[in-house]
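After this come two complexes, each holding subunit A, first together with subunit B and then together with subunit C.
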Partner chain A sequence: MRGRQLMALVRKDLRLELRTRETIVAMVLFAIVMLAILQFGFGTRDDDLTRFVGGLMWVTLAFTAVLGVGRSYVAEREQRVLDGLLVSPVPRTVMLGAKAIAIFLYMTVVEIVVIPLVGIFFVKGPYWDAIGWIAIAAVLANICIALSGTLFSGLALFTRARDLILPVLFLPALVPVVIAGAGATHAVAGGPHDMSEWRGYCLFLLAYAILFALVSVATYDAVFDD
Partner chain B sequence: MVTARGLVHAYGERLAVDGVDLELGPGERLALAGPNGAGKSTVLRLMATLLRAQSGSLEVLGEEIPGGARNARRGIGYLAHDPLVYLDLTARQNLELYGDLYGIDDRDRRIDELLDRVGLLGRAEDTVRTFSRGMAQRLALSRMLLHRPRLLLLDEPHASLDARGAALLDDELSTATADGRAAIIVTHEVERVARVADRLMVLRAGRVVLDEPTTGLDPMAVRRRYEEVAG
Partner chain C sequence: MTDGPTRIPGQRAAVIWGALATILVVVSTIGVFLIAPEDADQGIIQRIFYFHVAIAIASLVAFAVACVAGILYLRSRDERWDDVGEASIRIGLLFSVLVVITGSIWAKASWGTWWVWSDPRLVTYLIVVLIYAAYFVLRSSAEDDRKMRYSAIYAIAGFASVPLSFYSVRVAESFVHPVVFTSGGAAMPGTMLGWFVVSQAAMIALFVALLEVDLLGRRSERALRRLAMRLESA
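And then the complex of A and B:
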């Protein structure tokens, strides 16, 4: 039953996104524009920005995540459907899981564009052989972003100044993800291939994801039912 | 089916529901009326488990609320002012979603049956955004009935339904007693609902000021009785 409910909610979010194409297109465009601004802001194509690549990429992804997470309950809010979901016998943790999966997928699409672009824009040394390792770190970071983003967007949903509250709550929670994501990227991008450092950051991301999963499961009922 | 004792709910400083007692048995249809701001919709949302009472006790479909809310929700059908459907999904996709959320085994057959009944089978593959308000509310009616609820909670249902939808709803409410289903109908149209309800409860400033049977009474007599107590 829970699996069927989860799949139905994920399918609904993907159907809405495929029909409206509002969130993913905005996220991808925002990320590309931000990378271009950073490229112009930090130097020309001739400057070697390899040592900054982790930070540049993960700051871009963090702000892009804020954009996507901010839209995660827009359909329910604007079309006033939330009561329909809340009056159905869906465990709130299933709603959390479904929204988290949708955000995870949106971020994955953004990263499919951003990770190669970062190599083109900023890296002078070898990069393409490190993409697999960066992708693994990105998957772990996406789990953290999806879980924390879903929790905070749920909290912000019931506040009047939700568009202001969400970044204020969500961005501080992303700081550890940015540090670990940037660290993991820096460890392998541009040639150093420090795998023990990469592994350490990935373990940190995994621990952070587990922590947020536990916090979300413990609190999500209260977010919607109190 | 519903037993409420001393229900209290406030929005901040403002007390919306102030010690409401309510008993509803199988097959009963209760019209809940009162002036604007009397607390009718808040009472309905408490019954629908969408709000939590700040004090008092509530049992819905044999489940203590809030502890047994999830089990109770399986048997609740809720029709609100808004149709509670996604505008960018088709009528069928909306009902498929709710069918899966309620775990309906014969989902597709049931969807076809209900869409046919509300006259939307021919528009099943159209997005709700292209529907008129009345059509969207007829879809909401099929959403509410999809999982064969035992308790119908209706918030001013006739206000947004078109003639066809209203006739369908009245038909549904008329057969409810025979099936043992109960209904609470929040309304301003007292005389209209008096035709299908067998009890009238009137709220004023969050308190019950009238609770009496209407069976056999002329709808206009029910209206006059309502006006006497509602002020």
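And then the complex of A and C:
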């Protein structure tokens, strides 16, 4: 029963996105613009930014996540779908799970573009042999982003100045994810792989995901308690 | 019904804790600067440790209190728990800013620079300050019941973020800070430890005293509002 509800909600989000293509296209474009801005912001004519590869990648992904997470409830709010959802007999945790899965999928699409692009744009040393390890760290980070993002976007949804509140709430909570994502990337990209460091950061991301899953499940009922 | 000068509940507790905190802060300041032995290696600047670490631990206590108050608010929907949560985070945030400032001074004296990104403690507290500063932004942009509910949820999620921030900057394990407390116990002489305990007690008493005063202020405000309403209806 819950599985069917979950799948129905995820399908609703994806179908809406496939029809309008509002969020994902904007997220991908935003990420590419971010990469270009970061390059110019560094002000270097040097093509080899291997030393900064983790930062370039994860700053871009963090800001793109804020953008995507901020959009994630807009359709529900504007078309009053949310009211319908809230009176339907769907447990709040199922709503949480469905929204988190949708954000996870959006972020995955962005990363499929960003992670190779970072390699092409900035890294002149060995990179492609590490791409699998970076992808694993990215999947774990996506789970973290999806869970905390769903919680914070729910909190920001009915506040004044919602678009401003979300980054202020969400980015500090994302700092550990950026640290771990960038750390894991630096551990394997552009040189000899430091697998013990990579493993440490991945385990940290896993711990983050578990902790935020627990907090979200425990508090999500209260988010939409109107 | 008698309308004499009523005592606001908690007045006595605020006075007692205020007195206790004052005594402890004075005693610990005297002890730290005049009695505790000088650190052979770092000299006088090491004395900032007694305040820096004590305030850091007191701020964590404040955030823990806010987290528990958040849980209790969500269970009972009693606005008194919202008061406790907000007051605790306000004091905790003030303490965290002091931790960053004292840490920065210590860094300047020890390493010659105001800010060291490789020092996990300084960086962690910067993140903690950012997390809890956002709490007030959230509070100011929601109303009534929603404000209290969101604040409670954020106090819980924020407290979950604190250990995460701690560990995220430590995964790389680039310690430059003197590690004073290890799993094997405290690496300092007994008198230093004694004065540290006193200054820790002082900071926690200061937190409780500030909390009591803050709550007293809110209670008086509410009593005043009730009185005004009664006057209006009379």
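In the analysis below, the second predicted complex is superposed on the first by the 220 of 226 C-alpha atoms of A that agree within 3 Å, B and C clash if a C-alpha of one lies under 4 Å from a C-alpha of the other, contacts with A are read in each partner's own complex, and residues count from 1 in each chain.
Definition applied: a residue touches a chain if its C-beta (ideal position, glycine included) is under 8 Å from a C-beta of that chain, and two chains touch if they have at least 3 such contacts.
These numbers come from a predicted model, not from an experiment.
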Partner chain(s) touched by A:127 [first = subunit B, second = subunit C, both, neither]: neither
Partner chain in contact with A:225 - subunit B first, subunit C second, else both or neither: both
Which superposed partner A:159 touches (first subunit B, second subunit C, both, neither): second
Subunit B versus subunit C as contact partner of A:73, first or second or both or neither: neither
Partner chain(s) touched by A:90 [first = subunit B, second = subunit C, both, neither]: first
Touching partner for A:106 - first (subunit B), second (subunit C), both, neither: neither
Dominant toucher of subunit A (residue count), subunit B or subunit C: C
Touched partner set for A:52, first subunit B, second subunit C, both or neither: neither
Touching both subunit C and subunit B, counted on subunit A across the two superposed complexes: 225-226
Contacting residues of subunit C [partner subunit A, same complex]: 74, 127, 130-131, 134, 137-138, 141-142, 146, 149-150, 152-154, 156-157, 160-161, 163-165, 167-169, 171-172
Touching residues on subunit A, where the partner in the complex is subunit B: 1, 4-5, 7-9, 11-12, 15-16, 19-20, 75, 79-81, 83-91, 225-226
In the complex with subunit C, residue positions of subunit A that touch it: 148, 151-152, 155-156, 158-161, 165, 168-169, 171-173, 175-176, 179-180, 183, 197, 200-201, 204, 207-208, 211-212, 214-215, 218-219, 222-223, 225-226
Residues of subunit B touching subunit A in the complex: 48-50, 52, 66, 69-71, 73-74, 76, 78, 80, 82, 84-89, 93, 96-98, 100-103, 127, 143
